[in-house]
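What follows is a set of structures to go through.
Two complexes come next, and they have one chain in common, subunit A, joined by subunit B in the first and subunit C in the second.
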Partner chain A sequence: MSYQAKGLQAWFFQRVTGLFMACYTLYVLWLVLSTEVVSYQIWLAWFSHPLMNAATGLFFIQLAVHAWVGMRDIVLDYMTNDTLRFLTLTFISFFLIMSSLETIRTLFLLSVNV
Partner chain B sequence: MRFKIYRFNPETDTAPYTKEYELSDIEPGTMLRDALLRIKNEQDESLSFRHSCGEGVCGSDGMNINGKNGLACVTAVETLKQPIIINPLPGMPVIRDLVIDMTQFYTQYRVAKPWLIVNDPVPEIEFTQTPEQRDKLDGLYECILCGCCSTSCPSFWWNPDKFMGPAALLQSWRFLSDSRDQATDERLEDLEGPYKLFRCHSIMNCVDVCPKQLNPTKAIGEIKKLMLKKML
Partner chain C sequence: MYLLNKQLKKRPKNLNLRSVKFPMSAIMSVGHRAAGLLLFLSLPYFIYLFQLSMANETEFMQIKAELQSPVIKLFFLIIIWAFAHHFFAGIRYFLLDVDIGIDKKWAQKTAALVMISGFIIFFIVSIFLFL
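== the complex of A and B ==
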């Protein structure tokens, strides 16, 4: 998504990602609550399962997209200075991209190691 | 009955201030506009505010009454908590006392192109519509452009030059849903981008304050739905 990110696209992405994340969160919540003791081994088994691993990767990518649209909205609403706007948006996108990459790297290592 | 009214005369005052007034012998059913007129006639003729029809049709006397935007002429004073605090509609430049400069509001209204755009030859006698097609305009055409909604919208406060505001967007949807209009694609194209339409975050202050009980948030949602339909 570009800095310009068209209105409709951004709005649509935010809703779709929100829906996916809600489903994922409910599923993980159910998983945790329905398991008596969540040990590291069990946790590892969950997240190294290919489907769960992929879904988690997707979750964090969608989280980044969702957060980007939300943060961009806040910046567009409250920040009027163009330079400050540009710097803030650059920092936010850098942070979101780096943290997403790191999460995906972790998930990938998890799936390879087991 | 006590009133606290925002006062500012740019010719004599350096800063706005609040002035207190007291009225007695208020008759039952007195509207705020009548009370303000009494204050103006009996106590302080320098008090300025817009008003005209006195029955919620012209939309001239929009003001902030006890923290909520509304029309003075259809607000009964006995329903209000005392002291009644009256301010001009928020977020707009004040010309004097309760009179605000509505230029920004009207500029955004113009952006909505509030007229029928017809490319086909205009029919000789009249445009015809079925009752069902006409029904779609109910809840949209009644807007009196008082400005209560747009001036209560935080998104409009932050970006009044870029975000169209609920009143103008209600009109956008009024013409998008008109069976006689032929510029749907152009109108939707006009609304694209992060500002004009998509600064709306469904805060719904507009619905809360509208003196005609209209629902701009719903209209904005319908525009988004139509855009999405066209995109997919």
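== the complex of A and C ==
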């Protein structure tokens, strides 16, 4: 993708990930509200269902992409010091990559054990 | 690009916030950004909760018990408002992308609607959590 289209790419990612996460959250909200008492067994059963397990993993990847685009905008707008900007963006990207990997690991173990 | 940055930095900054008008859409937009930042900052805590809730039943029950504390409830109330505002503002941007509510008058009205929807969620959840 050319340099000029970089902004379009970010815009597109933000819309796609936002739409997915909106649908996912509404579904989880419905699950929680339609269950009288959410026990540990029910909680595990939800997230170890293959589709839900995959969707949750996808959710955290999309969250990382969405948060990256958003935080990048914020940092580029308000941080004018080049060094500080570079360090902050590096920290944010590492944090987002590691946290989504960690969540996917949990989800994977869940799908193996149950 | 670097030279351009250097030149831009030489320009004087004299932004007087009181001289800038803030229509409803601007307030909503700032709220959208602030809510997004808040959600990002709370992410470690939620990932920690998610991991712990999956670990074993004791941890799960302990989290459920901790969620009853007023401080945590207040925190959740704020996060739920932030999410709702971010959600509704996001839907507004989707509609703007397909040219719905794009003219000046309607853009202000939908911005007000986003703000009000966020507050309605805030009140419903606060009644649910604290009463």
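Operating definition for what follows: the second predicted complex is superposed on the first by the 109 of 114 C-alpha atoms of A that agree within 3 Å, B and C clash if a C-alpha of one lies under 4 Å from a C-alpha of the other, contacts with A are read in each partner's own complex, and residues count from 1 in each chain.
Methods note: a contact is a pair of C-beta atoms (placed from the backbone, for glycine too) under 8 Å apart; a residue touches a chain by one contact, two chains touch by 3 or more.
What you are looking at is a predicted structure, and each value in this text was computed from that prediction instead of being measured.
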In the superposed arrangement, which partner chain does A:36 touch: subunit B (first), subunit C (second), both, or neither? neither
Which touches a greater number of subunit A residues, subunit B or subunit C? C
After superposition on the shared chain, which partner residues are touched by A:99: those of subunit B (first), subunit C (second), both, or neither? second
On the A-aligned overlay, A:110 touches which partner chain: subunit B = first, subunit C = second, or both, or neither? second
Answer with first, second, both or neither: which of subunit B and subunit C does A:44 touch in the superposed model? second
Regarding the shared-chain residue A:19, is it in contact with subunit B (first), subunit C (second), both, or neither? second
A:67 in the overlay: touching subunit B, subunit C, both, or neither? Say first, second, both or neither. second
One more residue to check, A:7. First (subunit B), second (subunit C), both or neither? first
Shared subunit A surface residues [contacts with subunit B and with subunit C]: none
Using the touch rule from the top, collect the residues of subunit A that touch subunit B in their complex. 4-8, 10-12, 72-73, 76-78
For subunit A, which residues are in contact with subunit C within the complex? 15, 18-19, 22, 25, 40, 43-44, 47, 63, 67, 70-71, 74, 80, 82, 95, 99, 102-103, 106, 110
Subunit B residues touching subunit A - in the complex, by the definition given at the top: 154-155, 158-159, 191-199, 201, 224, 227-228, 231
Note which residues of subunit C are touching subunit A in the complex, please. 5, 9, 33, 36-37, 39-40, 43-44, 47, 50-51, 53-54, 56-57, 60-61, 83, 87, 90-91, 93-94, 97
